[in-house]
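You will see subunit A twice below: alongside subunit B first, and alongside subunit C after that.
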Partner chain A sequence: MGHAVLDRPAHPPLPSIDPSEPTMTLLIEESASSTQEKAHKARGKVRLREHLMGWLFVGPFGIVFLAMLIAPLGYALYLSLWQKKLIGGTSFVFLGNYVKAFTDPTFLSGVWFVVRFSLVAIPLQILIALAMALIVDAVTSLFTRFSRLMVFLPYAIPTVIGAVMWGFLYSKSFGPLTDIFGLFGAPAPDFFSKNLIFYGLINVVTWQWAGYYMIILYAALQGIDPSLYEAARMDGAGKWQIALRIKIPLIAPALLLILVFSLIGTLQFFNEPQILRYLAAGTIAPGFTPNMYAYQQAFGLANFNYGSAISFALGGIVFVCVYAFLFFTRKRRSFF
Partner chain B sequence: MSMKTKRLFATAAMLAAAGVLAACSPDAGSQSNASASNGGNDTTGNKASNCTNTITKKDLPVVTFWGWYPNMQLVVDNFNKQNNEVQVCWTNVGQGGDEYDKFQTAISAGTGAPDVIMIEADRIPTFQIQKALVDIKNYGFDAVKANYSDGAWKDVSIGGAVYGVPVDGGPMAMIYRKDVFDKYKITPPKTWAEYEQAAQKVKDAGGPLFGDLGANVPAVMMALQIQKGATPYTYDPAQPESIGIALNDQASKDVLDYWGSLAKKGLVGTQDQFTPEYISGVVNGKYATYISAAWAPGYLTGAGVGKGKDTGKWAVAPLPQWDAGNPVQVNWGGSAFSVTSQAKNPELAAKAAYGLYADDESLKDGWTNQIIFPLNLKALNSPEFVDLKVNFFDGQQANKEVYVPAANAYTGMTYSPFGQYYFDSMTKQISAVIDGSVTGAQAADRVQEDVANYAKEQGFTVQ
Partner chain C sequence: MTGSSSAGARRRPQRHLPLQIFLGFLVVYFLVPFWWVIVNSSKDAPGLFGGSNTLWFADQVDYFGNIQRLFTYDGGIYGRWILNSTLYAFAGGIGATILAVMAGYGFAKYRFAGRRFSFSILLGALMVPATALVIPTFMMFSGLGLTNTIWAVILPSLLNPFGVYLMHVYARDAVPDEILDAARVDGAGELRTFLQVAFPLMRPAVVTVLLLSAVASWNNYFLPLAMLSDNRLFPVTVGLGLWQGIASANNSGSTSLWSLIILGALVSVIPLVIAFFTLQRHWRGGLSVGGLR
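And now, the complex of A and B:
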């Protein structure tokens, strides 16, 4: 009812004679009962109207949400319960595709890859982002403002273009690596080889996302009341102590937010390896990450059913990981 | 209710209705797919609105077409100019795999495929088994039968049915750097044993790599295995549910081992092909030979090879053999035009499939620019084509000396109905051979196991 009260000035509950509202006038004329009853009835109408208005405002979003997210998700879930064979047609297998996925070495090795990748890439990105944010926050000069922009800039480059760019930078013929390592008489590392692709991708992802996370952390730092620093200084805290004991604990919610974002994003790793596949098909197999495997199954091999099952299996893994993460950090946060 | 509210409400109702329609459409699509893959709705006019080419004869019926030849615009324009029955609306939706992924999605969706599509011959069984292609034998096959060799027809046929019109082929040969061969005093190797000896000689003398083993070109490996006598697939169209898979016979193992050992000894590179890295290596003379098909010179020229200071450095020799006494010629790539089962009017679509790239002007443009190695006998047998002195090969009569004999000796092969899976598996194992984690023989065993399992999973009986 709070909203109705707030809305009241715009929609008076007691009917006024207003020529611009013919419907309302008609309504009053028709009503032949006592004024009290009239008022009650009118209030009911208004409440209904306000409900309707609420739905109307939610409507456009709701329709798009249902049509573009819920419906496709439901359809994919439905698809994942069926199996279509080249010979023998379509049959209902219930959870058969999921059993297959969790015993499929390609899917499991893809999951293992993104888990390992998350364990290295996420702490690295966040450490860099945090360090940069603390520096940019503590030192105000033209140079830090410039570097803030520079660190953020990679995020403004579409991931596909970023991946193509790094593909050329890693190239032995076109990239600078051969020249740089040549100065020391060493052969350039091949980031497209099976041993180094992991680090090659870590580098691309860190380059792309660290700046974005830095901006989020920087914004959180800017939101801290400066009087806290003054109080800390009066208590004899140095710059390091302020950073470690005041700033970091206070931006813990923002840190948690980007951790969850990056965890979800990294487990769904797709763009960069999919693009670099064109340069290193032998190293980056179609099942390199679970998302790529789902894509390959659905659009390369026409196994939409198994592709959907892989997507949902991955969704389940992401959910479990994020839930576990939030569960463990809950205790941590009370420590802060 | 005020007028404003009413209008708002009406708009919302419309939006809701639109949303419901949108939410329903996938279902409607899959239903029409289940009932009849031919579809019934006539959306020709609608679809034809986004052609890359301009259709001038607007009152004629239109056939939609996907293809990726570099001179497609010219070919389509030539067809439309000469034809008064049907006009072609052409789009390039990507090359090879990109196009197949889109076609595959359209097949699964039951809508969205073109009427006519360019596909490589080795993909025909993959789409045919899904009933996505139309047998065009009854739509004018007899009139053009004599224009192509029996081998060419075999590659696009399954049983007695014809699922495509041959356009270009890929007879394989060995392209090599004349300057490198001269410098290290070697002659083109006639056998694979000589190929290895020559490679060793060049390496010992400090020369460049002799060739390349690319994990991303499994079709080359397949062709080379077939050359040694492998028969990867046996397939009786009368019994589509049963398939013979022989990917780890001795010939297949030998060929993988041969290339694996060349790579291990550092005689050949292990770079993925068709990448900027590989092309720059070819441009800079990093590879003495390139085992490839007849369309490769056009591709390399387009990528900037053989120009400037490189002019005239390339020559071509027949593909090395396992047994010089009994040479076997093989094929890599080459495409056909197929009519899809989503075509509204298959007869009209077949007219376009038969007619496109079949006129003299288009064919000549194709082979003079070496975009295609024509399978149309009008071109293939013309003295002009046979005697052509190819610029890329420094005036060598490449067609007469190498490619035409290779094409004539090619007998066709049987491709698998799950080409994509097979090639992915091969790529994975060639990559494992390259990094030394398996031998060629082990790789062949793994491919066999992997592909046979997939076939069983897809409901085939594997022999």
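And now, the complex of A and C:
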């Protein structure tokens, strides 16, 4: 730290970032589908080799993909269509488990919780990450360089350990909250209570992820061609205008990426509430989030069919939410 | 204007005191849990529960005693958990990275039949929640007799669709076709072209994918929690979760376990923090790829 070298990302500038300076490779890539295809037809036999080599490179991953993703998904779908009863054995119920799930108050309240949680946690995380990234990008000092690393630190911490750490801080017996609020003569808030657990969890998640999102946004900001700022300054734009009108629009793809990933992650919320459950006895029920409910059904009650149906229904909800989100932002093309 | 001269323009020293103070508050917020853990892992059980000063050291600082207790408790099970985590992180991380680098390069540089179709399936898979796969994978593995073995944790962590996507984007932009063609003209086979020409150019992204998948394996909780029942196979995340459950369940009898959990949390974090700091020049370059386009 402190060396000027470390301040810059160690990679060559990526061709696709800057539309005003297209490099040779980019030009070739863009017209690849037409010209390369023709060139290949002319070469004849070479094409067969290309098919073969392509599959040789992609094949090993393809096998893992089939075995660890497609097969479990298919199996989950299959399992979710059956029901095991104490009397009468296993019977085919088609969508029966899904009808049960979507009328099950525990599942529905879990879904409602993660949706509400996403609506608060994601904008909060991204706002903090964006503010930090803009500051670290605009102000170059030893302190901002230090902050960049420190803020990122929680990402290196397993979410479980993060939850354990915050569990200590919230704790009445050895957390600092009693002392701190005691200074002002106020009672310490109990983040394990029914009213505050929502905010307690929001805080853990924000602490865990904001730094990671900040690094992604910061990397995107560093990719912007600084001559754009120069041009804007000549036109009389101030610092705030440059940030709002140039920087934020140009990193929109990165913002969208982290929005999508945080949405996928938050809807599957499991680790933090599962860990804090031990400390917040009674506040966090086993069916607190859909994933916890699926876990309880499968491993607590050995009800694998219903557990699979819940997992699958949750996967479906995530899929629909993400697609709806991408549809409304109309950025599908630029993301993929 | 070229890139090299414009880089200097941004380096102009700028001091925005209010912004830096705001940033300072955020840094304190992000560091408080670490500080608490560092301070309190030096205390023994009475110091932990009886001491009033929770954000400062107690009278006697006893790191060594606590470390000794941590690594000898229950037959040294904690050390085993750390070794397990290391094994899972290395095996899963390296395996997933090799697969992702090859597949990303294949998608970027070969126009083979079915490429478009399989790539769009891959993009769809980015949105499949990983935890949705845990229960069915468990059922599959239990049919094969693989549950409660190390393979139950390693095999699923070989899957990293995002790594493939990242490598694809990077290989497409950073490895020019002309260089590959030149190598082929010079008589290098496809494999040699990949290993000696393309691979060095892809290195920043390779380090990023390796680090991200190793961290994902190290951090994994749901999968090992579901798959493993023998606590000698647990990774450190599941192990500490277990201890916390025990310590919370009988509050009075297991106060000594709390100080082990606190120190255990601290020790388990150190390898990752070191990895991130020492490798930061490499992964920062690669991280920018996924977000840009």
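The rule is simple: the second predicted complex is superposed on the first by the 280 of 336 C-alpha atoms of A that agree within 3 Å, B and C clash if a C-alpha of one lies under 4 Å from a C-alpha of the other, contacts with A are read in each partner's own complex, and residues count from 1 in each chain.
In this text, a contact is a pair of C-beta atoms (placed from the backbone, for glycine too) under 8 Å apart; a residue touches a chain by one contact, two chains touch by 3 or more.
Note that this is a predicted model, so its numbers are computed, not measured.
Residue contacts after overlaying the shared chain place A:P154 against subunit C, while subunit B stays out of touching range. The wider contact with subunit A, measured as residues touched, comes from C rather than the other of subunit B and subunit C.
Touch criterion met: A:K194 reaches subunit B, while subunit C stays clear of it.
In the superposition on chain A, contact is made by A:F168 with both subunit B and subunit C.
By the touch criterion stated above, A:G300 is placed in contact with subunit B alone, subunit C being left untouched. In the superposed model, A:L142 makes contact with neither subunit B nor subunit C. Residue contacts after overlaying the shared chain place A:I258 against subunit C, while subunit B stays out of touching range.
When the two structures are aligned on the shared chain, A:L183 is found in touch with neither subunit B nor subunit C. Contacts of A:I128 after superposition on the shared chain: subunit C is touched, whereas subunit B is not. In the superposition on chain A, A:M234 makes contact with neither subunit B nor subunit C.
Across the superposed pair, subunit B and subunit C both touch subunit A at residues 52-53, 56, 60, 64, 67, 71-72, 75, 168, 173-174, 278-279, 281, 299, 304. Against subunit B, in their complex, subunit A makes its touches with residues 20-21, 23, 49, 52-53, 56, 59-60, 63-64, 66-67, 71-72, 75, 85-88, 168, 171-174, 193-194, 278-283, 285-286, 296, 299-302, 304. Residues 5-6, 8-17, 24-26, 28-29, 36-37, 40, 50-58, 60-62, 64-65, 67-69, 71-73, 75-76, 79, 128, 131-132, 135-136, 138-141, 143-144, 146-147, 149-162, 164-169, 173-176, 179, 207, 211, 215-217, 219-220, 222-223, 225-227, 229-230, 251, 253-254, 257-258, 260, 264, 267-268, 270-271, 274-275, 278-279, 281, 291, 294-295, 298-299, 304, 307-308, 311-312, 314-315, 318-319, 322-323, 334-336 of subunit A are the ones that touch subunit C when the two sit in their complex. Residues 1-2, 5, 8-9, 12, 15-16, 18-19, 22-23, 26, 97, 100-101, 104-105, 107-108, 129-130, 214-216, 240-241, 270, 272, 275-277, 280-281, 284, 417-418, 420-421, 424, 427-428, 430-431, 434-435, 457-460 of subunit B touch subunit A in their complex. Residue ranges on subunit C touching subunit A, taken from their complex, read 1, 3, 6-7, 9-11, 13-16, 19-20, 22-24, 26-27, 29-34, 36-37, 40, 48-49, 52-55, 98-100, 102-103, 105-107, 110-113, 115, 118, 122-123, 125, 127-140, 155-156, 158-159, 161, 164, 172-174, 176-178, 190, 194, 204, 215, 218-219, 221-222, 226, 236-238, 240-241, 244-245, 248-249, 258, 261-262, 265, 268-269, 272-273, 275-277, 280-282, 284-293.
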